[in-house]
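Have a look at these structures, which come just after this line.
Next come two complexes, and both contain chain A; in the first it sits with chain B, in the second with chain C.
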Partner chain A sequence: MNVTKLAARNVYRNSHRSLVTVAAMAFACAMMIVFSSLMDGVIAGSERNVVAMNTGDIQIHRHTYRDDPDIYKMIESSKQLSENSRQAGFFAAERLFAFGLMASDDSSSGVQLRGIDLVSESTVTEIHQHILQGDWLKKDDTHGVVIGKKLARLLDVSLDDEVIFVGQTADGYMANDSFQVRGILKSIATDIDSASVFMSNTMLRELISLPEQGAHQIVIMRSDRKQDLAEATRVVSALIKQDLEVMNWQQLMPVISRFLETAQVQTLIMLLFTYIAVASVVLNAMLMSVFERIHEFGIMKAIGVSPWQIIRLVYAETFIQTLVASIVGLILGISLSWYLQQYGLDMTSLADGMTFAGIALDPVWYAEMSLSSALIPIGFLFVMAAVAVIYPAVKVALMRPLEAIHHQ
Partner chain B sequence: MNLNVLAWRNLWRHKRRTLITASSIAFGVVLAVTFTGAGDYFYTRMIDAGANMGMGHITVAAPDFNRAPSSKKYLQQSEQLQQQLTQMSEVKSAMARIQGQAMFASAHKSIGGMFFAIDPQQENADNNLFIKAMVAGNMLATASDKTIVLGVDLARKLKLTLGKKVVYTTTDKHGDIVSAIARVGGLFQTGSTEIDGAVALLPLHSAQKVLAYQQDEVSVIAVILHDQRHSHLLRDSMQSLDTFAHTEVLNWQQTQPDLAGMIAVDKSSNYISQLLIALLVAAGILNTMLMSVLERKREFGVMMAVGLSPYSLFLLVMLESFWLAVLGLIIGTIITIPWYLFMSETGIDMSAAYGDGFSFGGVLLDTVFKIRLFEESVLAILIGLFTLALLSGAYPAWRAGRVPPVESLKAI
Partner chain C sequence: MHQLVKILCGLFVLLTLPCSLHAEALTDTGRVKELLNQVDDLWRGESSYAVTSMQVKTEHYTRTMRMEGWSKGKEKTLFKIIEPLREKGTATLKSGNHIYTYLPKTDRTIKLTTGMMMGAWMGSHLTNDDLVKEARLEEDYDASISFEGEREGQNIIEFTLIPKLDAAVVWGKLTLIILADSHIPLIEYYFDEDFILARTISFSEIKSLGGRERPTVLRVVPADKADEYTEFVYEQLELNIDVSDRLFSLSSLKKR
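Right, the complex of A and B next:
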């Protein structure tokens, strides 16, 4: 007996029912492909906002600096260390920090000054491209600063407005200077948006009277994004040969890294719920199709078809429908995901700004397609369909031929 | 003939099929209750916690203060406004506060942050999150002493302990930079590093003196409501009152756009997932009803031949879908009640996955997952369910009404 051919004919025989079943499965499958690629995209986007905009892969500090950011706790040989990391195939940049008060005409706000190396910073972060208004810092501009979006609102300043900084120098005097706002950044994270002032590290050194050498933080970025993060952290630790704290971003921000991990679980839960609904559609469709043909199955058994062959037949019918559904679902899902990958899902009408655990989420969500975001929904679909038809298949396979023939 | 009885009997002619479809409806009900209930619970928690963090459900502020806060923008005659507010029935409490940016300096170093100046007489643990979050020392005792309460992370960074002095610098009413000194009286820990590392509480009258404000001049009046759902309506009705003519009345969506944004996005993704599952349940109902109609062609032919109108046949099938939905609802309710009771009383502790908590739109989220349904959500679920069942029954019912009597009698 040609099981496949028979199954195909049976599926075709009740085209109405098969159509609704296939459509339900295809729809669910397409939605799940879109859902998981969108989730992947949002996760990758927030990871990018954390890593590529601010923390980098790995950071080096003096011990206790992060708990107690004191301007005297500098890494003295920072230049040498960054040079060594670059030779080992990493990107590295030095950063300096200081705190103080920034005042505009109307109001004032406590700020964190971030002195960055204009040349090497652009190799580790993409912050220079994350400008909302104006321009990024320029090398020969000795009074230009770039500030966070919320800080601009708090101080009520716009481009080219003057702001005054008041703080303490490293040698205990009053630090006081005026600056021009050259640029305003897009949202990155709550603390950066509301309190950060970016300037070149030479400007900051002069303002706070910091020594010529040294930095508070060295940011390291892997040149090969596929290199394992923990492995890279070990390589960097081995490289520096000093008593410094070396941590990767997952250790620096455990809540976010945990959140990003659990997002994967959320996708799976969503998948499970949707497919339970799909399974009930499949189960019911196959039950109906099997029970209305009990008479037929009885005759088949009477002429010598084994129970095993009947199970194979029912499974083949389900398999054909699932296959058609997954092809349709794949085409639909991939085209929709592709669209979302190109143009994104614009949430700005719903929300101006979103933050999660202090990290800003981009209001335009882009999907990110990968093999797993297409294959997991399809694989799941086959498993669910197979589980759903166990009952009808076994039930009819074990029925006695005579009973089945007389069944009405 | 009673069509209802007929429809009910027809359903039970195929027990297995009916039960499976009904349980898929029941499954949909359980999911809808869980999803909507989680939303109702979670959003209310977030909104209330956000309101208790300083600005209230509704904020009365000087014009333009919310867009660009500055000490130059302040409310006058705050006591009068407060009195008016507390008389409103929706209002639980109304507190006069000053909100501002400041730099805090110890002998060790200086850090930027923000302060809330409050009158301790007006504040309690129900309208002020920080009182609940005290971990050391005491909350401010009076509105005019020289103490300050700091977030634990802020105190740690400044290397301050209880009783130590701190200098805060800010801009006053006239735009001049002013400083004052205060002693650390207590520490709070909300669990969110963004807040614990940046916020300080000051006594209201002391802050007024520093900022050159009069006794009844403050920057905002934070209004806490009995029910956050009224914030939008109440704001609109307040805006039309003369009392608030020279002020700006804002609801929490405007003062906390980050939180409102996260909630709006979460809500819509929640609805989309529910819609998705609803469509699948509908496909199940459609399939069941369509099959049952198609296999009863002959029966419908006979019924028409004995004089039933096409309309009664349509009605009959619609009633079958309706009773199927009722059955699904009953099964669903039986499953949902213990589940709902468990989830609303105990909940699931997610701290293993998330640690002590994390912030959502700038508001700290607790890690026990609970659900709670508003009455209107229950209504929405019920309406959704029956609409779904009747819509997916419509096509099969229409097919049933179109059965040509003679031909269908010939069919086997």
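Right, the complex of A and C next:
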């Protein structure tokens, strides 16, 4: 007896029922592919917001700087250290910070000034591309600043408006100057959105009377993204040879790092529920298709088909249907994910300005396809179908032929 | 805040109350009240004009500036920086609970927000909040005399002041020491909510100024940085002068 051929005929003969089963499985499979690639995309997006927009892979500070960001706690040899890191194959950029008051015509707000090395910053972060309105800082613009989205709203300023900074210089005088808003950033993180003012580090040095050399922070980015982060941190620490604090972003932001790790587990748990729902659809379809034909199986057994052959037959039918469903599901799922990868899913109305632990979540969700986000759902579909069909297959296989024939 | 505020905001003014020493005749609480009011009134007048220099010494810099100031009542105060040249014309107006700063470099007037209140005023060891808060010791604190007699060769009275429950005060406790004879304040200790010393203000160089003997040097020392201080020296003081309300307006901030 050719089990495969018989199974194929059975599937074909009951075309209506097969179609429903295949469609249900294909749809579920496609949804799982889209869902897992979307989740991967959101997680990767949040990680990008954390690392590529602000933190970088590794940061170097003076030891107590992060707890008490005092403008005098500078890394004096920052230029040399960044140069050394670059020679060791990393990207590095120096940053300066200062605090004060920023005022527009109508209101004022406490701000953090972020002095950026315009040349090297773009090698470590993508913030220069993360502009909502206007442009990024330009080298020859001595009064241009780029500010966070919420700060712009707080001060009620738009592009090319004038803002006034008041603070204190390193030598105790009043720091005061006016600046033009050249750009407004997209959402990055709560503190950056609501209080940060980006300017070139030469402007900041002049405004705050900071020394020519030195920085408050050195940001390091791996040039090889596949290099292990902890390993890279050790390499950088070894490179420094000074009593400075070297930490990677996972150490700097343990909450977010943990969140991103658990987000993967959460995705898996949610996928599992989807799979269970799919499994019940498959089980239902299989139960129906087997029990509907008990009479027929009884005749088969009466003419000498062994229980084992019946089990194989049922499995072969299931396999054929699952195969067709997975091909259809794969095509559907991948094309949908591809669309979402290109154009994103705009959740602005639902999730605008949503943050987690101070990190902004992009309201437009982009999918990120990977081999595993396509293959895991398919593998799971096969396993689920196989498990679902155990009961009907065994039940029919063990039925007595006479009983089966008389079964209504 | 207290002494300090009175000195800065009430600008050095006073209704020259001759120290009527009927103390013995009063009950203890009545006497405490009267003494504290005398201390408060030492720095308060209907109006005033003063020239002060301020020296700030921190770990990272030492700087001196001179300023002139006017006050009227307890609500209105105006300061303008005379020296150094770099900051000349910078003016601070305190009107009620608001502080405005005029910045000559950018020709702008900025109103300080609540978020800036705990920030340093002009790089000193005082906060903007110190300038805004106007308090009378006797109104905001439950005071008692904790020591009276001779200490280090001086006849003094020491008060312990605990803020009243509803008083808008950031301190946990104050200790004020005044001279027993003249009722001139010597030193004032500020303790935080955990009763840990936060800062000390000492008064010295008692000279005749503005018509009576008073301390002309006031030094603020933060407790956590004993090497740092902000010192005010009074060079000139005129009391109960004729000052127009218009002086304390936003438009007069800009005038040199």
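Basically, the second predicted complex is superposed on the first by the 384 of 408 C-alpha atoms of A that agree within 3 Å, B and C clash if a C-alpha of one lies under 4 Å from a C-alpha of the other, contacts with A are read in each partner's own complex, and residues count from 1 in each chain.
By definition in this document, a residue touches a chain if its C-beta (ideal position, glycine included) is under 8 Å from a C-beta of that chain, and two chains touch if they have at least 3 such contacts.
None of the values given here were measured: they were computed from a predicted structure.
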When chain B and chain C are modelled together on chain A, clash or fit: clash
Touched partner set for A:T190, first chain B, second chain C, both or neither: first
Touched partner set for A:N176, first chain B, second chain C, both or neither: second
Partner chain in contact with A:I208 - chain B first, chain C second, else both or neither: neither
Which superposed partner A:A103 touches (first chain B, second chain C, both, neither): both
Touched partner set for A:L340, first chain B, second chain C, both or neither: neither
Touched chain A residues, chain B compared with chain C: B
Partner chain(s) touched by A:Q168 [first = chain B, second = chain C, both, neither]: both
Which superposed partner A:H16 touches (first chain B, second chain C, both, neither): first
First (chain B), second (chain C), both or neither touched by A:N284: first
Overlap of chain C and chain B interfaces on chain A (superposed complexes): 101, 103, 107-110, 166, 168
Contacting residues of chain C [partner chain A, same complex]: 56, 58-63, 84, 86-87, 90, 101, 103, 105-106, 108, 110-113, 115-116, 119-120, 122-123
Chain A residues within the chain C interface of the complex: 72, 101, 103, 107-110, 164, 166, 168, 170-174, 176-178
Chain A-facing residues of chain B, complex: 16-17, 20-21, 23-24, 27-28, 31, 67-72, 100-105, 108-114, 156-157, 159, 169-171, 175, 177, 193-194, 198, 257-258, 260-262, 264-265, 268, 273, 276-277, 279-281, 283-284, 286-288, 290-291, 294-295, 353-355, 358-362
Chain A residues within the chain B interface of the complex: 16-17, 20-21, 23-24, 27-28, 31, 67-71, 99-103, 105-112, 153-156, 166-168, 190-191, 195, 254-255, 258-259, 262, 265, 270, 273-274, 276-278, 280-281, 283-285, 287-288, 291-292, 347, 350-358, 363
